[in-house]
């Protein structure tokens, strides 16, 4: 469902995406498809231990293998301390990181802090030889105790992962050794008083597993350290500029020494911002004078890239018997992995965001554990936290005998509501989303009856919140003589953004989307553009395209004025036609002016750069029907409807695609996906066979309802659409399981074994 | 992957010669869907082979013979040829059950029942079915050929009775008796593309409601597939009697010796042995009755 | 006026000699030229060409090839869009008639080029051979066969320029010299043959044709290929690869449309690379010509009248270069009475194209030898005589317009004062010295530049001008100059036609001029944005902020100052990225004047000619990167020497087939054939360019033939009337 | 005067005050104003002339990409909140 | 160490010869030797289907086939699905139904779907889901992919 809007000619239509043909014919070049003459293959030797001192590394027999061209270890990476001996901090994207941590993540020097951490790397004439050489490198370790969950790592006697780590509290560093990198806190009102005033208070503790983004294309890169000192990198990344900057910092070269060409990208979901391979390939290339390609295996992907954290979450919410939420408290303990940087701050901002609760207290802990460093994953942090809060909200509604959507509507955040951090919401669409859910035929329909015995059915709902991001984007436009426009941008296109950005330019110019030719270019060829993530691309790069199109339009108006010899104030351009209402009263089409371009003053280009405010926060809700096998504990999804406020859907097909994709990732997270860690802190299920992402057979069609509450901050009303849809599914499914089996799930994944165990613990005879 | 040599013999004799060469470690490959993965990920677990002997070009190993005595399957026959063969699936529905759920369509285009057996994984989906259907297999080698029961074939995870140089030639399943039915079910958290948490293959033959014979075999709950001998306690009982299924389920539960791992705990797996045994017996019964 | 090769005029970057940005790739073999491009599924194309210079096509039978193993597609003119049939299409593949030997008939795509080549031999074409013509005088003969039967004669273009009263001018003249010259067809001789890889993607709603090609003009390739294929230009994306020389010849799409049609038919990318023989026979050389020059002067040395009749070979299709030849013929001199008639004449040779100052060298060899002869007759120093008559700003050219700023006098003065001119000749009688000057008006055209700021303060520069001789560096230097940073801190990229605004080709000595103007606009815009950003950070008015030497500072508060490097780091926290662009079609490309002093040695027994010493003088306006300016001067000079002495399209009697289509027989100069080429850069700034740039690429070729001819006269007493001045011809004249 | 909301982890520096009204036309001025009242606040929030990396400033509910340069109106609300990260979201 | 092996095969109806090491998978041979990079590697152990090709009429995971095995056989890849400049109806349906986001799994899905529709021109939603269970997609949630295959089936039946 899309709101009809006659205001727009292009926006809201569904043109075929510009890169589509290349992608259905196999022509599209992804990172691993790129190759160069004389290219070598690189392979990374990784720690088999989750926590171990490196005593010695002996590469001598590996070096003798025919075809091995270079071997490097952590010592080959540049020092990270500045001249004062202090560790350099680098700002990558929004956050600053200790360069040392970044470097250790790329290759360990003194100790390995997670299984899969790179220890050495080989460049050889083919990947098989490189692999053999890795096996021939002898490393002796002193294995240390490992810790893999946040609560364990927070214990006083827990093994210390980073000796120099101290807890930060809002810019202040505390004094003792710890695994807690950061403690953050938000307080609103008086939470103790709030609970006193509550008639009903529910408190539960939840544990969620580490899960992976599961993009189908593994990380890859080709690096070529050239003779002129510049380093060319071809890879697939969500953030060409982010990876360029990080790679340059690690290699201790000037940022512009690195030229990064982003190739087509096979999924990211937040996981492809990090420079895992690039510095390694670059150093191998420097040592050999040849381009070096490294492609990760799937087990490397799972063990050594950045999944989203497992977490321990305690949530307590109180309400009056009339159904008014009064107080809420959360303690969020998020695994950072072996280096600081979990998404706990986002979790804190999201956990109670859907509700107007006068008294709130949220404490968040960013906790180091002996796992690979986490990275972003679609609304990072939010799904864990809102799984907890939305489950309790559902329980409150049931206990108070209020319809769960009605209960949410009674307490929904609206414009002006103060959020946990004290800021006030601008225009948001939660009420509209909840109304749409309530009125959806799916919600109004009766739950169908199971067809076989031992099966029970249930329906659940939940909503999710995500704040979305703005950040920097640049777009260039150039007019062609045939009346089409070339568009260059720096945002890698993961899911059709080339088209949604082109459509915004086309809308301004009054031409067709097909008449814009978009290209995603390398970091030498466009202004700084933050990566494709945070649901920001259609919002911010689209906005830059809007600005560039306005610039181009103005220049075309000036050109027409010159041709007609009238004041440019008298010329206007609407729907791709230039007019003057002055004395001469002339008109010409976009195309006609384009033909005249070179004879009337030369080429016409437009440009736009933005670092926008006005980011539209977004809400999505899910209605889900499930069937539970009471004998096996297995949950089957029967029917699902995702409702999301998109502000304005530029290309509804790809908005739906985001909603469907996010929903299904949420379903996978809810039901099966997890890092199953064995006793030695090693992941047992490091393959796509055992990591069990949903297949087509596990799912029904994913119904979508697009709600459009325009974001007043964006020229076309766009809100980011990429992330919030993952948030509600785990809670909605948990609530559906509760509806069917009258149990409350406190873990993710809610796999058959966990569900059966909960049923048994509740001693329910079903 | 370390270097391997590849050989593609045209006769069993040649294959046996290659496999029994003392200077090399050779492994036979049919569909390769297990072997290639192992060569890449953990060659040490299969003895670090340096030669792969592709047996798909040996005519005998690709044969399918269905006659009054039963079904003989060459060891290299890919799964899709089995479940697409209506004569086979009509007589051996459990074989259809198990061959059509190994991997996805892509895997079924290559993987063979023989390979599944030789791989001897505790979770091998076709093995409980073969055991339940009283299958035997024919092995050839440097010291001549021999026949043995499938239930005696596997000796441990990834281990079998095959000796150096030996090759599985074919599997024979006797013709089903009248009034019999079979079924295979596995439990997986996903609906396809998964490894059995528990797999159960059963066959049953009935005289009216009375159980004439029954065979239950389990996958994924021990180092090898397990034949549940105690299930035969239900012989002579009425299948309509609720206790009958319970007895069989309980027998399966007791026969299972699972471990706790990423796929499930001991308790969960034993529980599932019970559930799946009852469910497969129900299905097999319905099939026996021609429903 | 500044003379000298290393002047910076107070500039920080301009006039220095940084290492060119693309240099490393080129000295290591890593640079990717057109033929180096490869793509998965690639097929190889070959073109069947006419063996006859002029013939009707009776039939084309491809049946023997159609089922040949490895052959994937065959195309003929029937596969070209049949609407708007144009000459241009006919040039791509002949439809009814072949007009020169080498005229394309059909294209074949196969899995390798050997199979494609075999296939060509099996295509059976029946011809009806027609009489052919090879030279302009033949073509002007009313009885000659018509190349285009729809026309009355073979003249495709006639230009006429008249100034004053030519008749009266000659009447008043005390001395008149009239001579006729024949010059042979010559080829640009770039080392890299033409190439094109084309991938035609059709989709549900759209076509997208990708072309990877070595070209002087990616946008021309796009536009002309689109026209031939009847597509909108933006359906084509042309990616210019590194280019291995062009000198004017790499503007035409030759193989691109053929490869495109083959790609469309096969659904696969197709690559076509010319052989050297195809280069000579089927690309665009510069025309042979017949030139009549008549000049009259007073005994005081004032030229009163000049007349030129120029007949240039057009090749098989209209579009010759006589207009430029006519424009340049007397442009260096201030002459009251002038008459110029120029004719482009169709002949059965490949269609000519540009070659460094196209047309000018032909007419100039006539003018400058006649000028030399008059000076001799008047017993005046040849430079002095030229100075008396030298053109200057405001003088009206024969074709109408007045000269803008022009450096004829400055060049002549520099020559006159130069040690080379003043040093005594060796005693030997077989060595002597000749001088000549030459003119080229230079071009401009639309140009687009994008700039963006790296967080480390370096600047990215995106341009559409393909870089043949270091223009990436010179444009980057101009941008660096505006911003007060180093050339190395600008990173230039030449990008495909989807990624930059329209940019006309690298030719007509236009790039450093036009892209320089665009770069200056873009850099100025960028500087303005940087100033505004600094002002906003400091909370002051942008009017009080300045930027010099890469430092931004407040003109009012000394404590407020930040380097570009430091500001760049903070851009993302202070309002976002900064980018800028410059798009322009500037007027005001000013002419460049060259002059040569050449010492020549003639072996009077064999007629063999050696260049002993050579100095070139050229007004470049402002030398942005003197190394590459000198390179242009030297390269042009040597091409002029080759043209003068040996290069020619040689046709045996009664044959219409070029006899020497190899580098062995075409005899371009070797390192061994040449002395060092001394260069004197003269800088008369072009007021229309922010840094005074004039184009430098072409004028240098125009004067060597005349200077050599004038030296030969001083040795042998013979006024040569033919190019090349082959030993055989010279011996014949000496004997006479 | 803009209203500044003091984060709970910082109220030890403002004698327990949770809201402070201070003058200033941009965030830089605001922080300087608070620092005059409660010395040390600036050091807690600002480093190298920028808001510390893991802290964000929100003016009237919007996280500002401009940080200390962000304009503040007389009736604005200013919040200092934990920067949202966890990789580059 | 032994030598490389000469393989003569038919790829997308064309005879192709190449030299490969016995340990190289068909996927490696297609991508790194033959230069056909349309088939993608997502897991290299047969669990994602991104490398799906058609081998003698059956879809297989090309990462689980040795290159040497295809000697004398017929391989069809994504590059051979379109007929010259005409897209296959399945390819068109994927575009029109927006059945791709990042596109990396798309070649595998199209090759697999084509094999399905060749066997079963009128599949149910369940048939499609079952057949495609060996192909993972992480972006779309499969909804639009299933729709595209059903849509293509319908259009192919009409034509």
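For clarity, chains are labelled A, B, C, D and E in written order, and residue numbers in each chain start from 1.
Everything that follows uses one rule, which is that a contact is a pair of C-beta atoms (placed from the backbone, for glycine too) under 8 Å apart; a residue touches a chain by one contact, two chains touch by 3 or more.
For clarity, every value in this text was computed on a predicted model and none was experimentally measured.
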Seminar exercise, completed: At minimum, the number of touching-chain hops separating subunit A from subunit D is 1
Problem set entry | Joint neighbours of subunit C and subunit B, given as chain labels | A, E
Exercise. Which of the two pairs, C-E or A-C, is linked by more C-beta contacts?
Worked result: A-C
Seminar exercise, completed: Outermost chain relative to subunit C, judged by CA means, is B
Exercise. When the C-alpha atoms of subunit A and subunit B are each averaged to a single point, how far apart are the two points in Å?
Worked result: 43
Exercise. What is the distance in Å between the mean C-alpha positions of subunit D and subunit E?
Worked result: 56
Problem set entry | Chain centre separation (subunit A, subunit E; CA means) in Å | 29
Exercise. Tell me, which residues of subunit C touch at least two other chains?
Worked result: 201-204, 572, 575-576
For this session: Any chance you could list the residues of subunit B touching two or more other chains?
Result: 1-3, 41, 104, 191-193
Problem set entry | Residue numbers of subunit E (touch at least two other chains) | 21, 23, 36-38, 44-45, 47, 79, 82, 87, 95-96, 130, 133-135
Exercise. What chain pairs are in touch here?
Worked result: A-B, A-C, A-D, A-E, B-E, C-D, C-E
Exercise. Residues of subunit E touching subunit A in their complex?
Worked result: 21, 23-24, 31-32, 36-45, 47-48, 50, 77-79, 81-82, 87, 91, 94-98, 100-107, 110, 125, 128-130, 132-147
Exercise. Which positions of subunit A touch subunit D when the two form their complex?
Worked result: 89, 91-96, 168-172, 182-187, 238-239, 242, 270, 273-274, 306, 308-309, 334, 341-346, 348-349, 364, 374-376, 379-381, 421-426, 467, 469-472, 530-531, 533-534, 611-615, 723
Problem set entry | In the complex, subunit C residues that touch subunit E | 38, 40-42, 111, 200-204, 264-267
Exercise. Which residues of subunit D touch subunit A in the complex?
Worked result: 5, 7-10, 44-45, 47, 52-55, 58, 60-66, 77, 79-89
For this session: Under the touch definition given earlier, write down the residues of subunit C that touch subunit A in their complex.
Result: 19, 21, 23-25, 27-28, 30, 199, 201-206, 208, 223, 226, 232-234, 237, 445-448, 450, 452-458, 460, 462, 489, 491, 493, 495-504, 571-572, 575-581, 583-586
